[in-house]
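Several structures are given next for inspection.
What follows is a pair of complexes built around chain A, which joins chain B in one and chain C in the other.
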Partner chain A sequence: MGVDARHTATVYGRSLWAHFRSVVEYPADFWVMATTGIFWQIMSFGFVTILFQNVNAVGGWGYHEMLMLVGFLAVAAGSPALYWDGIWSIADQVADGGMDYRITRPAPVMPQIATLHIGLQGVGEVPLGAAMFVYGWIGAGVGLGQIPVALLLFACAAVIQVAMYTIANSANFWVKGRVPVFGFFLVEMQNEAMRFPLPVFPMAVRVLLTFAIPLAFASFVPVEILNGRASEWWLLGPPLTAALLAALAVWIFRAGLRSYDSAGH
Partner chain B sequence: MTSVDLALARATFLRRVAYKGNWLFTVIVGGAGLLASLALWEHVLADGDLAGYDWHGMRAYLVIGYFAMTLTVGAGDWLIATRILDGLVAIDLTKPIDFQRARAVEFIGGLFATIPGAAVAIGAAAALSGLPAPVSPLAGALTGLSLALTFPLSFGVIYLGVLTCFWTRRYMGVLWARDSIILFLSGMLVPVALFPDWLEVVAWSLPFVHFTTTPSSIYLGRVDTAGSLGLLSLQAAWVIGLWWLGRLVWSRAIRKVTIHGGLRTARLQRLPPLGEGPTHVHSRVSSGLLGHVGLGAVQPGHHLRIPGRPVRLDRLDRRMGLP
Partner chain C sequence: MPILEARSLSKRFRRPDKKSGFNGALKHLVQRKYKNFTAVDSIDLEIDAGESVAYVGPNGAGKSTTVKLLTGILKPSEGTVRVMGRDPHTERIANAHDIGVLFGQRTQLWWDLPVEESLKLLKHMYRVPEAEYRLRIERFDELLGLGEFMPALARTLSLGQRMRADLACALIHAPKMVYLDEPTIGLDISVKDRLRAFLRQLVDDGTTLLLTSHDLADIEEVCDRIVILDEGSIAYDGPISELKARYITTKAVHLILDGPADLDALREKFPEYEWAAGQAASEAVATYETVRSTTAEVLGHLTARLAPRDLSLSEPDIEDVIRRLYAGELAK
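After this line comes the complex of A and B, so read on.
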């Protein structure tokens, strides 16, 4: 078990490093992607700021709390691009049979796939998202004693994001197509819905986004905990959700691999 | 449209719907973003209006904006980008078809795969929130005209974005940058009327407002008939301007044709006519070897320049060691 874990970690680290060296060979792409990530966050900041120049609260949340929410979401949803972006290539690998190559190598498949690419937009997205979060944190008057809790919640959110991306993209093992539509749907839903506090939405949507597709545990619930809007009991939610989703992601990915029958069938 | 145009449009449509499970999924759930925006603005506007937009008007605004944006971001521009990035554009250079026109008809073909999803989303939004009628029949007709102009406007923006692939090695960053700029400056996220004055001026100086703000302003009667015609003229001017800008950029971009990340460029240049009969075109590949990437026949009068100096195709073949 220990040897397997070490082997997996080594494969993952080496593969990620190899792809990092590969992508930085193209400086134009690096700057385009990094600038895109920065612009995306400036746009998010602009959206919240313009909205709050016209309203006092959204769903009962003030300007700085909203910045915390948008910043937390940016870091949580944007960071996997730097270490798990290759998972978006499952659809392509299944459609063109590239998965054959990964399966026959003497290394675990999931780390190979996950490190097939690095999303350099994360280079711009994560620091600006963090800056927005810190600005909101200070403005909302959250104490420094919450920093360890925040770090735990960020770690849980990262695992939740990675697991959900893996699950959504693994759907393409069964629903063939080069476009990872389930993954895109997940991202679109997160971008559109999770930028706002959940009280904005009808109860059915709140329940859906908290328990059925638990995106709330990757942004809304953690920020509610940090702002003191949710009780301490909610602090159990993100770690439990992260553990459950991670196990589910591994199980679904393996089931997908078992059902994979190469290209052309 | 010629038979070639129809064939290209049909091929693109069939390609877009080839994976039916994937396509059906996008048709059914593609409107989730629209429903989320409707929920937000219903909440925000519960107590009154903002910059003249009440909940009644905002519904129309969001639905019209969603329709236009879906056409833009769901137009299958990846197909064009991939042709440039993997070097297949070298074959396009050898075809007796105008590249821009061919991509435009492919864009139209792709729209037929995108429109069903937009229609389902708008139907769901209308069922859940209702969709207000236009302020007058004339406003409705002019809105239709504005939406019709959105198609070529979308193509103009998409095409220019895709051409940047001649200078970058990936399209993802360009795509994200383009979509985020369009989303924000079109007023899809927040209506342009809510922008600070300086940002509103910036937005109106660019074509993106015509995706959302122009058709919705006409539909809701925020501008009178003369104002509507003025906005439509501006929108049409952007359509024409972007088309010709696309041609200009293309003429520059083909000097950067790079096959499989190779170092050399192939340039089209006017040279004296060659002899009769077709000639095969070859190009360099990244490994430094000479690769036979295109078997498209070049007709007399077509010329290549590889790399930098003009070369007649018969001499090019000899330089490459080909018979």
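After this line comes the complex of A and C, so read on.
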């Protein structure tokens, strides 16, 4: 029996919505988490601003372009917390056999897992990231005509991020243990490396981050396209990468589910 | 046609083959040797619609593993499962509408959401019409007392509340085939009673039930048929009444005597009975085989010769039978 897309969307949407509604009823968690997200973005902004008091350009990029990059990264990498955060519970669900119940329900397992909870730090991170991005956009003098392109690039970046998180966390179907080590590694790497424009890195690293672990298509390449540093051909990159990674994520998750043998109690 | 049919069903798990200690772990890292462990060993099981089957066995016998095979969570290493004609592993979404599952050890409630929200999400997941949903919730509230904790977050529930909520989750779509793996674990007596009455009602209404439990009172009150699993194989399968008829072959007379019971003297005088001490010093227990003498004969015989001040009769309960079966004392 095939997957019923509409039903799947209902299951996904309702579960997410239920979590957002419960936030209103139990607001304490919300403020703690949102503040964490806001604080994190202020740190980011401070980092770029202080950096540019000492240098004029980083890898050939100016202050406002850097803000666009850091803002784009924050939105792309931070927003899945609001709609795909449950994927971080694969490790737990595999370790304690919680996956069992999801398998016995009449809906695909991935959206059930992805909506097990929401990461409220996203509520702080996304708007502040967006603000930084817009501030950089204006400062860098990017035209309003680029808005549709920007939206497309954000959408692709979101898909890329979601797929990457899914793939990294799916490793825990095989690597048993409650800590999503690959997921943490991915986030760490992205935070460290991707807030700089790629030209600051040696060629090998650039190739790695563009084609092997294509994080570049979720922040660096889109911003390069928007501020006119990359040729139009690059515009094909993000949608292609997004489609490819999404397919790969589904495939790996399913393989993981096939190798899942529950827990011994 | 049976509602559930398992043929030569086996499940093997791969276990790391390593010696204990640091050296063993290190060696395993390099060599990566594994050993197969058979948790379920070629079982055949047929359940007809409307049956209520107890699935019992010692710890580690393979009960939960069987439930996971029957519900499609695990892929069999060998053999086949059919539930209403479908393979629950490969046709899991179609199968899901017909089955309900509860693992007493863990919850299916959404941890951060109120109980009511979990039930509503399941309602949509199973496409339960609103009217039916309301009716069932009302009934669950009546029988399980759900109402009091419907608005509570799942993570704040007590074990008993959680189990009742989980039971409602497992049954919200009125499944035809229900698997309950230790639904009374850790519950107090009154909640257990309530749960058993509820399950009996469920069976009387025509639901097919497979129940595992270490509490044999659950089984006697809810089930008609018992399947005993031992080290992955079925050791007994039949009506509970037959199990009793077959293995409960003795009865005992408890006699309260005038003075302290002298067992040696009694054994000498009445060698045809097994003698044992009772709870009080003046109590003696004579066990006899029901095929050899009738209760009337034994009572007549003993009261005439011993003139006890009081007496009572007892027979081993199902718990004794199963204890002896586990211990390998009874022929299979």
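Rule of thumb we're sticking to: the second predicted complex is superposed on the first by the 256 of 265 C-alpha atoms of A that agree within 3 Å, B and C clash if a C-alpha of one lies under 4 Å from a C-alpha of the other, contacts with A are read in each partner's own complex, and residues count from 1 in each chain.
Keep this in mind: contacts are C-beta pairs under 8 Å (C-beta built on N, C-alpha and C of every residue); 3 or more make two chains touch, one makes a residue touch a chain.
Small disclaimer: the values here were computed from a predicted structure and weren't measured.
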item: Chain B versus chain C as contact partner of A:G59, first or second or both or neither; value: first
item: Which of chain B and chain C A:R178 touches, first, second, both or neither; value: first
item: Which superposed partner A:I103 touches (first chain B, second chain C, both, neither); value: second
item: First, second, both or neither for A:E188, with chain B first and chain C second; value: first
item: Dominant toucher of chain A (residue count), chain B or chain C; value: B
item: Partner chain in contact with A:V32 - chain B first, chain C second, else both or neither; value: first
item: Overlap of chain C and chain B interfaces on chain A (superposed complexes); value: 26
item: List of chain B residues in touch with chain A within their complex; value: 19, 21-23, 25-26, 29-30, 32-33, 36-37, 39-40, 43-44, 50-51, 167-170, 172-174, 176-177, 180-181, 183-184, 189-190, 194-196, 199
item: Touching residues (chain side chain C, partner chain A) in the complex; value: 13, 64, 68, 71-75, 91-94, 96-97, 99, 101, 103, 105-106, 108, 110-114, 117, 120-122, 124-127, 153
item: List of chain A residues in touch with chain C within their complex; value: 1, 3, 7, 10-11, 14-15, 18-19, 21-22, 26, 96-98, 100-101, 103-107, 116-117, 258, 261-262, 264-265
item: Chain B contact footprint on chain A (complex, rising order); value: 26, 28-29, 32-33, 35-37, 39-40, 43, 46-47, 50-51, 53-55, 58-59, 95, 119-121, 172, 175-179, 181-182, 185, 188-189, 191-193, 196, 200-202, 205
